[in-house]
Amino acid sequence: LRQGFPEVIYGEGKTKEQILAIMKSLAEESRHNVMATHVSAEKADFVRNELPDAVYDEVSRILYIEQKRSEPVDETRRILVLSAGTSDIPVAEEAALTARLMGNAVDTCFDVGVAGIHRLFAHKEEIVKANVIIVTAGMEGALASVVGGLTDKPVIAVPTSVGYGASFHGVSALLAMLNCCAAGVAVMNIDNGFGAGVLAGKINRMR
Amino acid sequence: LRQGFPEVIYGEGKTKEQILAIMKSLAEESRHNVMATHVSAEKADFVRNELPDAVYDEVSRILYIEQKRSEPVDETRRILVLSAGTSDIPVAEEAALTARLMGNAVDTCFDVGVAGIHRLFAHKEEIVKANVIIVTAGMEGALASVVGGLTDKPVIAVPTSVGYGASFHGVSALLAMLNCCAAGVAVMNIDNGFGAGVLAGKINRMR
Amino acid sequence: LRQGFPEVIYGEGKTKEQILAIMKSLAEESRHNVMATHVSAEKADFVRNELPDAVYDEVSRILYIEQKRSEPVDETRRILVLSAGTSDIPVAEEAALTARLMGNAVDTCFDVGVAGIHRLFAHKEEIVKANVIIVTAGMEGALASVVGGLTDKPVIAVPTSVGYGASFHGVSALLAMLNCCAAGVAVMNIDNGFGAGVLAGKINRMR
Amino acid sequence: LRQGFPEVIYGEGKTKEQILAIMKSLAEESRHNVMATHVSAEKADFVRNELPDAVYDEVSRILYIEQKRSEPVDETRRILVLSAGTSDIPVAEEAALTARLMGNAVDTCFDVGVAGIHRLFAHKEEIVKANVIIVTAGMEGALASVVGGLTDKPVIAVPTSVGYGASFHGVSALLAMLNCCAAGVAVMNIDNGFGAGVLAGKINRMR
Amino acid sequence: LRQGFPEVIYGEGKTKEQILAIMKSLAEESRHNVMATHVSAEKADFVRNELPDAVYDEVSRILYIEQKRSEPVDETRRILVLSAGTSDIPVAEEAALTARLMGNAVDTCFDVGVAGIHRLFAHKEEIVKANVIIVTAGMEGALASVVGGLTDKPVIAVPTSVGYGASFHGVSALLAMLNCCAAGVAVMNIDNGFGAGVLAGKINRMR
Amino acid sequence: LRQGFPEVIYGEGKTKEQILAIMKSLAEESRHNVMATHVSAEKADFVRNELPDAVYDEVSRILYIEQKRSEPVDETRRILVLSAGTSDIPVAEEAALTARLMGNAVDTCFDVGVAGIHRLFAHKEEIVKANVIIVTAGMEGALASVVGGLTDKPVIAVPTSVGYGASFHGVSALLAMLNCCAAGVAVMNIDNGFGAGVLAGKINRMR
Amino acid sequence: LRQGFPEVIYGEGKTKEQILAIMKSLAEESRHNVMATHVSAEKADFVRNELPDAVYDEVSRILYIEQKRSEPVDETRRILVLSAGTSDIPVAEEAALTARLMGNAVDTCFDVGVAGIHRLFAHKEEIVKANVIIVTAGMEGALASVVGGLTDKPVIAVPTSVGYGASFHGVSALLAMLNCCAAGVAVMNIDNGFGAGVLAGKINRMR
Amino acid sequence: LRQGFPEVIYGEGKTKEQILAIMKSLAEESRHNVMATHVSAEKADFVRNELPDAVYDEVSRILYIEQKRSEPVDETRRILVLSAGTSDIPVAEEAALTARLMGNAVDTCFDVGVAGIHRLFAHKEEIVKANVIIVTAGMEGALASVVGGLTDKPVIAVPTSVGYGASFHGVSALLAMLNCCAAGVAVMNIDNGFGAGVLAGKINRMR
């Protein structure tokens, strides 16, 4: 059914043995890439011992097997992943790697939050040229609104749980993004970089 | 900047005189369609008296002037707008009309909520053929999850404030959609049919 | 008073010594089955050392003594326990084992969430034949609505704390189930498989 | 599919013309009873002008047509509907009438809240004899817990929006009922007397 | 100023050295009893090594020095402390010991929650004879409403954080108690047995 | 049972005919005072036409019949009712009149909020002399903490719904009062002046 | 005490007669300006009939008497009031007029929200030159973060209740501003333009 | 741009190696003071091994390098930092040290909460003389309201997460401060002593 999609496992709450077993069987049954999200380093080590083809990305905590070379189908259509702060990078990388494993060309640009807006504007060209943009931000989540006003292309906003006190583990950023005054911004669940990567991938291959 | 976009006015909290003045000047300055959302019937009457070209859609409460014929640019790429119940129709129509005014071919299919899933499945073909799908649902918002599992195309979910008691004016549906187990569903603010129409329009014209 | 009911201990926050003492005295005073919920493996080991008749179910974390053989009174009236994902299984098994210890015939069917609705429909016959159905689901909790629409029999919905971000430890699923558009679905507290098992057992023995 | 069920219309947000049209066509197509909930007196008057067979119950705000005499199928199995206060009576009556229209024998007993527990105990015999019990209560919703401890039969709890301040329009009662220390109490949405009636009816006809 | 009051230290977040120092100096400066709440067993051990007069109550986690014999000033005026479940006992004992250290005669009666109301009624005489009653309950907190209806004397309700899921760490019980349909029940913060003991003590010595 | 208590009717959501009927029958059956709270001026007029003995207090919206002269039993034990602002006066007067109808001597002192603390201190003597103190305050509810630190007598705090924005209709004041750093302050539901009056009356007659 | 402050009345919930009486007496007793906030047009008309010196500002709903000419003490120190949208203007004007009545030079600049950031940047010079900046914004409240990054001067953020759905009457903007990644932004209550004006005035006269 | 500001690193979620690297490079590139907040003792030790000029303040958990002597520019303008309890001291010290590193004269005065208001009044002179006041308080956060009424100077309120139960990790204090009846109090995020220090520093150097 799902063309070009990697097979995906949600690693949270599964034992290392379960992850190994599912990855193995998926890799055999399917010719697509196989990926597991929310995987700890310790579980990844265990799986990679048995499945040497598996690669682990520490930042995004994704464990994956590339069966179908994930070189971008079309280099000219680029997905751009932005992060407001450095603490949002794990979520941003989860989005980026997910999109790459779906065969997209992905660029990243981190720590460009709105309180130092010149840093964002230094990347204006990339923003304008991107085909789809993913914005990850915690705290007040304002980056989505500014970026949404700089482009006509689809913008996907991922609130992160970065912050403390009244950030309420991402609720503050989530609400800000839902109320984004730039029209048509897509919002994902808190810390759901994976979902953003999937949506960006779906949009980017439309033609 | 914004190619193919209608000029948009947010009608809530503006007087009929203000809406008239802004619509008039936008219609003169721009060759794009002009639309105002959240406009009451009474305000619309007042504006249409002065601007006979303006059309009012009572269901979606949109008042608009079609300057550029909004016939779809490409009839083969269709946006499908679904509603779970009949009470969700105003939000669904807001999405549909917004997308139409951006030059898209839009189909609608209402009252196909999941508690009578055969009604949804009667439309399976339209769902599979659609290029982008907008799902509007209140109460438990479950329609987004089912539809998200039936298609590879982008799905945009709009929670509505339909319901009572623990629906909390749309919060229940909003949370359900954010936690959608179908990967990559885009979520909008409660009752934000307009935003869904804009995003669908942006995605639908990609190529 | 409570005919056919097992004696029940809530294990959370009780020491292993306390659980042992209460189980022992209940087993002596009553001829019913005795069960303790929310018991850790470590506490269970301690109790079973002293009470060799006690059985521990690791998945549901129930420790029990079967005094009255819990073979179903009536094999034709079956309780069906569904889970949306694999992470909901502990709650589902808590419900299933509770109902079994009350003398009911119980079937289970896991990982049939609505985002892959063909998997649910593969079990349509069991759903239609069941006398009472328990649905356990986290995240958006949509399974209750779909199942509620497929049967005339009582449906009991148990939201689970499975999910992250805006799932708010089960609140998202709880709200969805309370707003279920299928009429008459019974809702339990988050993760309360025990309560669902009790209610299903009460309903299933009515005649 | 739904044996013995009335056809049901949710009246909220529908015009009187819409309610009339739907009731008319349902009454013609189906031999079951037809009912509409959340109907104002003014809309009911309009419909009854055209459909003289329609009956309006002012307290529960249900408008119905009895096509199949709703005399109870089995007089010995009684559903008992309790209310904690007098302000909960509309919700209680919505439950009672719904169950009656499904062909059940229904008793009611109002203003038996726990702060004057002798009034509840004056009805102990009815409680013990009832086949299914529906408890409606606002404010602290404690009645469900007490009743749940007095019977082995299924108890259905409906929180009502009665109260002020920290009752939060029924949230206080809803939470209390979800946390009911009597095991296995079924909880419905705030003010959802209709759902309680449906569930009670489903349970009461099991055999 | 505060006649008959013990000197009180809030132990949470203070080091064992700090608690020792403050207790020592208070015991020297004042002739009243000295008590510290929220003290861990480990900190208590440390303090008692240096201050052998200090006594530690493991259940309530209060560490105290009795300088003024806390025998009740008036044996006929009794404060009664009730708990709904066994898990509420630490909060109940915090209230009881606080009141005792203020010179009151205190009785306790635990595990008398409303789902087994005969257990409560077995203590009806004590309830009617008590001068002030403290009710501690988690989950749905219904005990306060029932007790409030059985006596004319002041009732003080302490919600506890006992429960899971939608108990929200005591919020459910707190809301229930605030909405108590028995008039005039005093509510304290979640788990604030100390405050309840102080208030009961203030009331009990009025004449 | 309830000695010295007025008979009480909760007027909210009752028709004027219902209030009249209940007041009449209570006045006949009982020799106690009779009072109804939350009564609108219009309903009060209707009742007083039929029951000329009924008195209506416009500020507190209480309608009452004084059957037993409510002159204070003991003039030396005074209940003091404070309000932080002028908008809190209706709640304060509801408390004061309730206590008076129970036979207490009540003093009031309004608009003494903490932002102008000299105004509060101008009444220090009354505070120190009072036997029981009721504090009504909206917004940040800080008055309870300050007063609680100035007296050894029982303090009853009533949060009011006065305020806007993040006062959340009294939630802000409610939370502040529950977290009161002055030990042992009794908290009531938002706007529950009646409950505060009842509790103060119960405490004030202890001896 | 309060030098340079106007005398202030909170008009909400006061009758026109009360407002008139307080304004009159304040104007006589004090030589400062007198102002009342949250005053409806209808009440203002009544007061101005009796007090012809009173001026009513319809946008901010402030009614005031200028006794001390409110010409700015120092023209070079300017307070700048920004609004994100046009719907935020009433709150912005409340802040601006309050500051003016305290004797400050105030500039305003409206509809400069971040989704069209070029409009904000067109005013960069005013931002950099301002001594204190007040930012009013509803919905996602992002303007505060961007402005906070453009200046070293104190920034005061006022969330407004503008928006719908998940804006939750200003909660979304409030949380965003509290989590502002620009360091040291002062946050006020939702819609509290008055408070922002007072704080800006206090800061602006420091030297 | 930011004159007189220290360079700031947010230490939370950064490794000790990252903190060392950033501090080192900032200290070389800039002549300003360099500070990192939210740094654990263990990370601080690691950094100080490599950067002997770095100083660690255990209470506020700030690690800093003083490059520009942070002796106050103007000894006569004093910032006063108050804390309601002893548990609020870490937040108070974070504010104080931040302001000192910006070159301000800072005084502190702790444990002056409103329940013992004489302790606050013992410091009235310091309050009246201070140029800017920072108030840190958890639980009911009432201190801000009292202090705001005692001075004409800017007051900055920092809610802390101190408390339990319905303090909701600082939400109670936050709401109280936002609803402060003293006009113009600036509110910061929960536990954001750093932000308060920055704002106080900005205000204190105005002239």
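When the chains are written out, they are named A, B, C, D, E, F, G and H in that same order, and each has its own residue count from 1.
FYI, a residue touches a chain if its C-beta (ideal position, glycine included) is under 8 Å from a C-beta of that chain, and two chains touch if they have at least 3 such contacts.
All figures in this text were calculated on a predicted structure; none of them were measured in a lab.
Rotating chain F by 180 degrees superposes its CA atoms on those of chain H, with the angle stated to the nearest 5.
Same interface as B-C, judged by over half of the contact pairs sharing residue numbers, among the pairs B-G, E-F or F-H: F-H. One simple way to say how far apart two chains are is to compare their mean CA positions; for chain C and chain E this gives 36 Å. Chain G has its Cα centroid 51 Å from the Cα centroid of chain D.
Along chain C, residues 165-167, 171, 174, 178-179, 183, 189-190 each make contact with two or more other chains. Shown are all chain pairs that touch, namely A-B, A-C, A-G, A-H, B-C, B-D, B-G, C-D, C-E, D-E, D-F, E-F, E-H, F-G, F-H, G-H.
Looking at the complex, you find that chain G touches chain A at residues 84-85, 113-117, 139-142, 144-146, 148-150, 163, 165-168, 171-173, 175-183.
Per the touch definition, chain E reaches chain C in the complex via residues 86-87, 162, 164-167.
Contacts from chain A toward chain C in the complex involve residues 12-14, 159, 161, 169-171, 174, 189-192.
Across the complex, chain B is touched by residues 1-3, 5, 8, 131, 152-154, 156, 174, 178-179, 183-190, 194-199, 201-204, 206-207 of chain A.
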